[in-house]
Amino acid sequence: MLKYIIKRLILLIPILFLVTLISFSLLFIIPGDPAETILTGPGGGADPKAVEEFRIKMGLDKPIYIQYFTWLESILHGNLGYSYQSKRPVIDTILSRFHATLKLAIVSMIISLMISIPLGIISAIKQYSAIDNVSMAGALLGVSMPNFWQGLLLILLFAVTLGWLPVAGYGDHGDLEHMILPAITLGTSSAAITTRLMRSTMLETINQDYIQAARAKGLSERVVIGKHALKNALIPVVTMIGLNFAYLLDGSVVVETIFAWPGIGLLMVESIYLRDYPMIQGCILFVAIIFIFVNLMVDILYTYLDPRIRYETKE
Amino acid sequence: MKQTIKVLGIIAVIVGIMLLASMPTASAKLYGDANVDDVIDEADMTYVEQIIADNEEENELADANQDGEINLLDVAYIEGIILGDKPFPGGTITVAMIFFKETVDPAVGWTGWYVRKAGIYETLFANDENMVLTPELATGYEQVSDTEWEISLREDVTFHDGTPFDADAVVYSINRVLDESNSRHTEYDFIESVEKKDDYTVTITTEEAYAPTIASLTDPVTSIVSPNVEDLGTEAAGTGPFKLVEFEPAVSMSVERNDNYWGGPVKLESATFEYITDPQTRAYMLEAGEVDMARGIPQAEADIIDGKSDLDVISKETLRTYFMYVNTKKAPLNNVKVRQAINYAINREQIVETALEGVGGVAAKSVFPSVMPWSANDDLEGYLHNQTEALSLLADCGITDTDGDGVLDYDGSPFELTIKTYTTRPECKPTAEVIVEQLKEIGIKARVETRDIPTLREEVAEGNYDLALYAWGVAPIGDPDYFLSRHFESTGNEAGLTGYSNTEVDDWLDAARTTFDDKARWDYYKQVQEQILEDSPEIFVFYLNELVGLNTCVKGYVIYPNEITFLTKDMYNTA
Amino acid sequence: MSLLSITQLKVHFPTQDGIVKAVNTIDLEIANNERLGLIGETGCGKTVLGMSIIRLLPPSTTIEGEIRYKGNDLLKLTEKEIRKIRGKEIAMILQNPTTSLNPVLKVGDQIAEAIKLHQGLDRRAAKAKAVEMLEAVKIPDATKRANEYPHQFSGGMKERAMIAMGLACDPAMIIADEPTKGLDVTVKKQIVKLMKEVTTQKTMLFITHDLGVAAEICDNITVMYAGELMEYANTEAIFKNPMHPYTQGFLNSLPSMGLKAIKGMSPSLIDLPSGCRFHPRCDFADAKCRTEHPELIEVEKSHYARCFQYA
Amino acid sequence: MLEIANLRKYFSSGLLWKQSVKAVDGVSFHIERGETLGLVGESGCGKTTVGRLLLRLIEPTEGKIIFDDIDVLQLKKNELRKLRPRMQMIFQDPDASLNPRMKIGDSIAEPLKLQGHLNSGGIKVKVLDLIETVGLNPEHRNRYPYQLSGGQNQRVVLARVLALNPDFIVADEPTSSLDVSIQAQILNLMKDLKREMHLTILFISHDLEVVRHMSDRIAVMYRGKIVEIGTANDIFEAAKHPYTKTLLSPSSDD
Amino acid sequence: MKQRSDSRFISFVAQFKQNRAALAGATIVLLLVFVTLFAPQLSPHDPIKACLDERLTAPCMEYPFGTDQLGRCIFSRVLYGSRVSLSVGLIVVGIAATIGVVLGIISGYCGGVPDEIIMRLVDAMLAFPSLFLALAIAGILGAGFINVILAITVVEWTRYARVMRGSILSVKENYYVEAAKSLGASDFYIVTRHIVPNAITPIIVVATLGIATVILAAASLGFLGFGVQPPTPEWGMMLNDGRLFMRRAPWLMIFPGLAIMITILAFNLLGDGLRDAWDPRLRERRRER
């Protein structure tokens, strides 16, 4: 197992390198000048002298590969460079913002799993029943409904019309009531995906020979489904958590914008508007690295859950 | 099945608990406002006396000292409040603001604007709500020579951290701006040195004669900071009416009353700013009662919000002018008559009515809105919507519908114009779209293209545009030189974009910059305003209105047209 | 007295291509301690027949007829009652041990499960019994093996584990579905030997397509073709004196018997031929065979065949 | 006709921690022209790998393959392509041996088209001819593999293989997925064809009885090595190697 | 009870025909294509012609979906918007699938070093949550049709490369590939004639579902203000514009939102149907027993 983890970590090195290269190469495609935007005040316009100075100070006049190595160095130093806007280390801002995203993502994930797993199981067991049809229709709507639209409708209904929940904002450091609407918005679409997955893996599992074998032993349906089928069907669902996480991060861009949730998605959008390149690159890189490690963890979890793989990697 | 019901039940319980937790909590009351007119003044003292005399009915607010009894002590207490000896029961305000910064250091970029809005920092001079330049931390100034300004300082001021305010602090603060590492130091290049003359006098020496010197000290980048703060990025010690309590980047900033404010008693006890970039969300938060005030509410929501009994919308013209650069290097826009024709073709009232929902702005005459003391609008005629005039001007330049297809032709092909603009300001796109419609009405084939700001800037700089709709704060420091010399002096950066050059205008601007007599300066600037209107290198569309939604319980709020000052010592909340 | 008697059993189930008539009017008796071989080629319905006895067929299946076990009609039992039969009274060893063992559960636990359920032992005792069972099927190092997962077993070991699972609750009857399929020659021999040993005191329905294996294990053999029983006799009689043309052809097509092929191919269970199901491939078929359906008749003592030749 | 010497194939797996499996471990034998050599062994003993190596469908780790005086392993890619039509292979699973998207007729015509000796008319005639040879109906030409049974598909495979008039065929368990009655049909057909077309065959199977029926000589393979080789009679009547004896013994003697 | 499992295409069609949801999806997609082609004929008004006197008109006979803040007919704009959405969807999927398929073939068929390089690149690309990366690219490039296409293509191609590679690897295992090799066929012949035709089906499924993803991504970018620029009506952008009038004129937001949802739903239904019909596991399950 340890060997497997080390192996995986070593394999990560080239990927991480490519990831930094991709994140950085975003700089290549810049039209326009970030200095211009950074230095444009609320009044409008930027001072041309200041713009030139800024370019030199930020090393934007240097050859692109030097800029890359400078950036790599800052990554190794762990600060990911300094924001054009605040002049502070990018990593500080990202960490404080990621905290908010993570909070939201976890609650969304919980909501999503709480809805999707029972629903997926029931749908599979009672295939083609009313409950199956309804939940599958719901799941389809869930994946098809753009979450920005859903978010707006939720605000309109629950916050503005009914006044039950806050419209937006982070509240007191991201308290629960401020989290409900964005978490539901984020969670439902991933719930939709997970429900479908849960149902299909469950369907696949209950048609396996070993399920028949379990029935042939005289086990009750509850044991057959709850023990024999579920244990197998949950494995792919667990691996979906990694993908789900990416899905939540993606969704956070839109959802955080709508709900003014000060997470990394909103930071990204803001940084793009502000052309804060170190911040954009930092966000992209950070999110990628997080995602890589989440997937690594999921893989390890997966090998742990599935004895077929667990014992192969042991040898 | 049973299991699912259980799970659903748990979800329902959790959601229920969440809902219960979200119930609003009660807030403060204006104790002392015995006659409930939302101000505390002598009338309240009289009113309490009347209550004691049983001529008026008791009420809760009359118990100013909150000891449970209404007696003469309350009269004295109210007097104390009026005199500033007793704390004003001003409560707290939560505001949904638009922008935020990752730092609180006023000398970094335009962070000064944001911390000033929170009432933390102050400058030597400031513009009041009528854009009149007034001393703030200075008591006045004296021009020693063309290049030497002696500024005398207040002697009764201390910073929030207890450090006394003096010439050293001023020299320290301004030198932070002049430092090479400051991204805005080039704007203050005209200053040669800042020196302490004595404890409460500093001398600013400029490289050459520069009339806007004093006005430039109103920019919050020159906020005076305490020299004893370790990290101005996360801590703040200014002289303003409010002290920083907590700052969570991108989320919120909270401030509390500065009990030692030199400007007199501060009514509000504390305030919280929540940074919400989305205008719709700000409006909803205001309506839902999550905030007491919301800056920059969407124009489409203004009526709805104003229509609510507990909410008000205050609006006021700001110094933000929306205008179009005209590419005067490109035919036929190089012809002044064509530019004038476009000016006539634009129906500014209609733009305000449609693109701005009738509340978002005021039709522009020229560059400066009328709230600006230097505005010559009263003496200018401007371009009133006149399609006939527009068509005849165009005809003069040979632009007519030669092939009878309803589209004007220039040089054998349809006369086409593209308006380029950007989307970060929500007014730009609809405005451009309406202008396009208006140009179409007189037969110009027009269309809108949007870019993001850097791309647009680049295209404009390359001369790759016809018309470019922009928004500028035309006089953030209240001095006309800032905008006019950039945009209309041949050497000005922005004039380079339009290609505008007029030696007369150059002369006037130069003269105005080195003249210290306000009357003489006004004459020059009036001439400039007349001339650029005539030459139309830029087409002025409208002046943006600031729309602030607030709860009727919030008192004392005034909109400052320069969008710099927001929270003041006079505001309070009666809720 | 027969332990299990099947009368007029019909098993049909719908698929999108049409109704699969897997079992068509089968009568069959299995006596106590009899080991009956059910021989047939792919797709003749033999597995369905086995499954229908313990009612492990999907709900959409229509089953007609009677399956009496110790006198009770299994088809009339409630779901709860049939569960008490499964594994305890009648155990089924499903084909393909690789897919029939749950990959995420330890082999020992999978065996212990049934013991726990039917014999009411606690977890530990059941596990001990499971180890015992693994020893009984000659799995070396059974204690350790019980804690391993199926994928750690070789094909032959998995089959042994399946057999152990079937025998775990000491059922009166075993239905073994192709237990030797896909095994290598040497392993197959071992499994056959094992099966023979462990079922000496049991009733067994042994489903296979391998005549050689059936001959080794079974007392009687019945030949199934296109959802019907074509011939029934004791093992020796089937080999020495096959009566039905299909049985004859089947035997002759074995490599050891000279590889003489039957022409044509087996019919699909959806679209069965009229008359005698075998007539399109039969060298002796005449007009009657094409239109009329022969009955299974006792040609010699305890030797039945479904062919007009003997009518 | 065919001579192989010391053929080895090791499979390695893993990127960082390499593990290697000796699938074929020093196999040598020869086949005479017109002979059928049976290769028996249990699953995983490497017999299929030997078949593939002979045709150079996979590259051996070591060894020599001489086919008709040509050193197969020395051939360049182009030369190998020219040689290939002379050596053909029949696989276990007839269903997977035919491209599901090609009609039967096209599958049979494919080698002829690739060879390019015949025009389309000639190809058509030849395809019909082959279809008849393997006992299919001309109308099968326009069917797809899934519309035919496994036995019929194996006939199609035979037709395709025969289209090139090969000298040598490797038959890798050609009937193991077929029912007994169909297996007999196919094996008989193969025997007939061999006689008519003077084929040399390496017949791989795990079924001793089948191999005996088909082969002149038999090689017994065990764990990547050939443990015994001899005429069919020798092997069945007087096996020398203990493993062969185990294979031959009836189960009761176990 | 093993039935013949190779009846790919026919049973594919049969399966698909039985799937009513998939048929509904196909119908909506066809309808969308029709709308896209005949938007000019179907639209009652010019989608970019503002009619300032009739701004924010509620849905009525004249304007079935009402008008927006500039008095433009929302119905017409939604119809025209389908052009942008569908063309972005098709172009992105077209380019991404082409790139992905080619790289997938190289990777899957050649193996070795090219496979390593391509798959590491794919892994690295997959490390980025797709909307994040697309947003960064579109955001930095600025709004515009081409930029949106570019941004989404950059993140989308990987899935096709992956699926194609997997599919090639499984098809490669079939004996007919080896048979063709032993017939002396060239690699090119084998790939084009035997491998690709049999490996391409999953790509079709993924592409169909991919169109839905792309349309959603494009709408998200539009909503965030990085989408296709005016005057071209685009659903995401219309939603973003309409947001400010959410209460005064909810139709501004409701109809473009519905249009996006229905379009994505249709492609999802179609893609699901194709996948169900294709997936051999699902099919065998239904046929068995």
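First chain written, first letter: the chains are A, B, C, D and E, and each begins at residue 1.
Going forward, a contact is a pair of C-beta atoms (placed from the backbone, for glycine too) under 8 Å apart; a residue touches a chain by one contact, two chains touch by 3 or more.
What you see is a predicted model, and the numbers here were worked out from it, not measured in a lab.
Engineer: Using the contact definition given at the top, which chains are in touch with both subunit A and subunit D?
Structural biologist: C, E
Engineer: Which chain has its C-alpha centre closest to the mean of all protein C-alpha atoms shown?
Structural biologist: A
Engineer: When the centre of a chain is set as the mean of its C-alpha atoms, what distance in Å lies between subunit B and subunit C?
Structural biologist: Chain centroid spacing, subunit B to subunit C, equals 88 Å.
Engineer: From the C-alpha centre of subunit A to that of subunit B, how far is it in Å?
Structural biologist: The answer is 37 Å.
Engineer: In whole angstrom, what separates the CA-based centres of subunit D and subunit E?
Structural biologist: The answer is 45 Å.
Engineer: Where in subunit A do residues touch at least two different other chains?
Structural biologist: Only 30-32, 160, 257, 273 qualify.
Engineer: So which stretches of subunit D touch two or more other chains?
Structural biologist: 149
Engineer: Identify all positions of subunit E at which a residue touches two or more other chains, and write them in rising order.
Structural biologist: Those would be 139, 142, 243, 246-247.
Engineer: Could you please specify the touching residues of subunit C with respect to subunit A in the complex?
Structural biologist: 51, 54, 56, 83-88, 91-92, 94, 96, 99-105, 113-114, 117-118, 149, 151-152, 162, 165
Engineer: In their complex, what parts of subunit E are in touch with subunit D?
Structural biologist: Per the stated touch rule, the residues are 4-10, 173-176, 178-186, 189, 193-194, 197-198.
Engineer: Please output the residues of subunit A touching subunit C within their complex, sorted ascending.
Structural biologist: So the residues of subunit A in touch with subunit C come to 208-210, 212-220, 223, 227-228, 231-232, 235, 305-308, 311.
Engineer: Quick one: which bits of subunit D touch subunit C in the complex? Just the residue numbers, please.
Structural biologist: By the definition above, subunit D touches subunit C via 42-43, 149, 151-152, 179-185, 187-188, 206-210, 212-213, 246-247, 249-252, 254.
Engineer: For subunit D, which residues are in contact with subunit E within the complex?
Structural biologist: For subunit D paired with subunit E, touching residues are 52, 55, 57, 81-85, 87-89, 91-93, 95-101, 107, 110-111, 114-115, 144-147, 149-150, 157, 160, 164.
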